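In what follows, structures are represented as structure tokens.
Two complexes are shown next, each including chain A; its partner changes from chain B in the first to chain C in the second.
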Partner chain A sequence: MAYIELKDVSYRYPYTKEQALKNVTYSFERGKFYGIIGENGGGKTTLCNLIRGLIPHFYLGRLKGEALVDGVDVRDWDTGEISAKIGYVFQNPFTQISGIKETVFEEVAIGLENLGVPKDEMIERVINVCEMLNIEDLVKNNPNELSRGQRQRVAFASIIVMDTDTLVIDEPTSQLDPEGTESVFEIIRSLKESGKTIILVEHKIDLIAEHCEEILVMQGGKIAMSGPTKAILSDFGTLDLGTMIPATAVFGHAMKEAGKPLADIPITLDEAVELVERRGE
Partner chain B sequence: MHVEFGNSFKKFYKTGNFWCDLYPTTKLILCFTVAMSTIVMNNWIYGFSVCLFYFIFAFFTGHGKQFTKTFLILFVIIGLFLVVIRQVGMRTGNVTPMFEIFGWIWYRESFITSLDVSSYMLGFAGGILLFFDTTPMRDLMYAFEHMGVSHVTSFIMLSSMQNIIDLRKTSVAILESQKSRGIETDGNILVRSKAFFPTISPLILGAFSSTEEKSIAMDARAFSVKRKHTFLRELKPMSQIEKILCLLFSLALISLTVWKIAAALIK
Partner chain C sequence: MAIEVKNASFVYPNGFKALENINIVINEGERVAIVGQNGAGKTTCVKMMNGLNKPTEGDVIVDGMNTKDKTTAFIAKSVGYVFQNPDEQIFNSTVRAEVEYVLRYFKLPEKEIKERVKRAVQLTDIAGYLDINPLDLPYPIRKFVAIAAVIASKPKYIILDEPTAGQDKHGTETLSMMISELEKDGVTVITITHDMDFAVANFDRIVAMSQKKIIADGNAKEIFWNEDIVSRARIKKTQIGELAKRLNVPGEVLFCEELVEKL
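Our next item is the complex of A and B:
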């Protein structure tokens, strides 16, 4: 059975005319790594809000169709219970700092306090997550006085420390440098490998190509295209949907047009290297 | 280093100052009973002695400067104001003239009453001020949560405090940015008020939208999960001595009150 099942879901935010989601139907399976891409305003964040139950519990508006999480309609989920099941890292890192704690260490621990995790275990988990995200040196800092990138990492740490089985992550690297971005992706990947379901919104297409298993392309509130990463990102048609495809795929198409096609359209650098090498032989 | 810091939470949180490390409720009861006693006594010698004690005590707790700053302002405003008001307003019962300023006679009786009144107002305010100066809001909320106040209430309180601090910072930032755009923010009231309105509108709008987003963000940290909470940073629970101290102070206040009422009735 599908883990998260959307059946003909449409949604309109309060006081707006246009629907932010239009007749969306999709099934997410447990334990898979999904990437959501698409143009600005395409409805990516809205889709995340729905999966996490913020629609309809926080955002009122008009929700039609059926959205089931683990077999239960999002309308019937208790907001507390769903928050303990699905972790959500928001797009805007600035509003994710509680503002009531004096140190980053305490900030990261908030979720665990609310979940009633015993103190010794709490300390251990916070220490581990801080190491994972490279924020060990910040633990004593005031969370209200962090830089943008630091805030984003602290916000991310604060959610993954809760160890939910599912993670919805909306552009976690918007404030990070390439190195920080790479390390966040490594963490997400290792979380996936530990069996978690990951739903990730991201613009950095090369990283999507490298890590995700399935892709959804959102455009104008609809899922314009969906399928295995390879199929979506090697397709030139994806470009018409207001999104990018990896440079290696463009290269693959260019080779084809030049009459020297590779055996396949590569979507990652490794693949490209391999295909070119293979052709050379 | 981060491991060490993390493990420091295994012990009760301590500042190292005897008074500051008392449980918030203890501090509240002690400050409150002393503050109330000045009202019950209604005597300027007692009241001002207590005020003097506050000063000395505040320095002992390491919050002397902070306390003095606010308390001195109160002292000047309440003290002077009441003394003058009494000389103007209350004329009955005045028999003993003290001195005369340009034909305005000051009476001893009014003067003493005004001292009594201002001493207890200051005595009361000072006690409360001392409590808040030496008890961080988060400690107070910690104690409240342990008494059964919901963590949501506690979050709202702490968060409002933080909002006030943030608002002050943002408004300064906005004023600065307007100054750099050539809007006059220095000068007389009229000039300033012109700068004021464009300042507060983004401020208020920003405050609203961030409240909504913040409440959603807190929900992501399992805020609405209905489970028993645990606390990372813990305060040492009230010791036996603290309990006895609280009891003694409360009993003293009650006896003082009873004695005062009885004395008044006999008279």
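Our next item is the complex of A and C:
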């Protein structure tokens, strides 16, 4: 059975005319890593809001169709219960950070505190996550006095620490440098390997190509295309849907155009190296 | 005409030293990208160029004026700065009012305001949002609103702090087009970016910063094919550059067409 199942879902935010989601049907399976890509305004964040139950519990508006998480409609989920199941890292770290805690440590601990996790366990979990995200030197700082990149990592930590089965992550690296970006992807990869379901919105297409198993391309509130990462990102037509494809895929198509075709269109660096080296054989 | 940073250091009031002995000259008409790790001093450095930060040692000279002798508002007429976070500079209730704000403040003739707004809006592709409250727009569009407001004020130098953050394909393409149009208008564009493809594709000169200092200054090949600089500045080659390196293709390749030709 599908873990998260969307059946003909349409949704309109309050006071807007245009539907933000239009007849979306899709099944997410447990334990897989999904990448949601596509143009801004295409419905990526709205889809995340729905899966996390913020639609319809926080954003009212008009929801049609069925959206089932673990067999239960999001309308019937209690927001507290669903938040223990699905962690959501917001796009804007300013939205995520509570603003009521005076240190990074307390900020990261806030969710566990609310769940009543015993103190010793809470401290251990917070420290582990802060080390993992390389913010252990910041634990005593005020979250409101951090740089955007640091805040993004604190917001991420405060969700990872909850150890939910599923993580919905909306552009976690938009404010990070290449090294910070890679470390976030490494963490996401290890979360995936520990069996979690990951749903990630991201524009950095090279990293999507490297890590995700399935891709959804959102455009104008619809799923314009979906399928295995390789099929979607090696297709030149994907560019017409308002999203990039990896530089290596563009390279693969350019080689073909130039009459030097590779055996396949690569979407990652490793694939490209292998395909070029195999060309002479 | 140029921005000249001479032996400049900057210490924040709390004692944190963010820049050490920076020397750089940016001439009119250049396109310069500043790259390097978060915390390297990039933003502090560009804020010195428009007078938001006055160097605690050394000097910053903008078109012959020492920033220490002028107010930030005065320097900002020549050097426009678009903040990394657009919300630090947006405060009007419609996009139109935001883009016009400085022009109205300086009481420019109505015709001129119209023309400048038209150009700025066209370059940033925000014509569809003029009557909307900027706070109702998504972050990447708000960023374009902030950029448009600075373009409309017609500075000679424009500094863009991480313009590609959160931008989709269309947004990134709009930025590239905007930068080449600004060049035609004779505007010098300086950017801070983590997006190496964007830097390589749009900027002739790359400045690498690391730990409060400028460690390298040159064209894209000189920067991205120098392994020492790449590792010290914690930057990355473009994916095509990395592919060329792994395939041992000679000639310091960074672009797709170059690589295809050489294979």
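Quick notes on this one:
Rule of thumb we're sticking to: the second predicted complex is superposed on the first by the 280 of 281 C-alpha atoms of A that agree within 3 Å, B and C clash if a C-alpha of one lies under 4 Å from a C-alpha of the other, contacts with A are read in each partner's own complex, and residues count from 1 in each chain.
FYI, contacts are C-beta pairs under 8 Å (C-beta built on N, C-alpha and C of every residue); 3 or more make two chains touch, one makes a residue touch a chain.
As the structure is a prediction and not an experimental result, all values here were calculated from the model.
Per the definitions stated earlier, placing chain B and chain C onto a shared chain A by superposition produces no clash, and the two fit side by side. With chain A as vertex, the superposed Cα centres of chain B and chain C define an angle of 80 degrees, given in steps of 10.
Contacts of A:Ile51 after superposition on the shared chain: neither chain B nor chain C is touched.
Of the two partner chains, neither chain B nor chain C is touched by A:Ala20.
By the touch criterion defined above, A:Val276 reaches chain C but does not reach chain B. In the superposition on chain A, A:Ala247 contacts chain C only, with no contact to chain B. Once the two complexes are overlaid on the shared chain, A:Leu68 sits clear of chain B and of chain C alike.
Counting the residues of chain A that each partner touches, chain B and chain C differ, and the larger count belongs to B.
Of the two partner chains, neither chain B nor chain C is touched by A:Ile208.
Residue contacts after overlaying the shared chain place A:Val117 against chain B, while chain C stays out of touching range. Legend: residue contacts after superposition of the two complexes on their common chain; A:Gly80 is shown touching chain B, with no touch to chain C.
The least CA distance from chain B to chain C in the superposed model is 5 Å. In the superposition on chain A, the residues of chain A contacting both chain B and chain C are 92.
Chain A contributes residues 52, 54, 58, 78-81, 83-84, 87-90, 92, 95-96, 98-100, 102-103, 105-106, 109-120, 122-124, 126-127, 130-131, 136-137, 139-140, 144, 158-159, 162 to its touches with chain B in the complex. Listing the residues of chain B that touch chain A in their complex gives 1-3, 5-7, 9-10, 138, 151, 155, 158-159, 162-163, 166, 210, 213-234.
The part of chain A that touches chain C in the complex is made up of residues 38-41, 91-92, 147-150, 171, 174-181, 203, 206, 239, 242-244, 246-248, 250-251, 254-255, 258, 260, 269, 272-273, 276-277, 279. Considering their complex, residues 36-39, 84-85, 138-141, 162, 165-172, 194, 196-197, 234-236, 238-240, 242-243, 246-247, 256-257, 259-261, 263 of chain C touch chain A.
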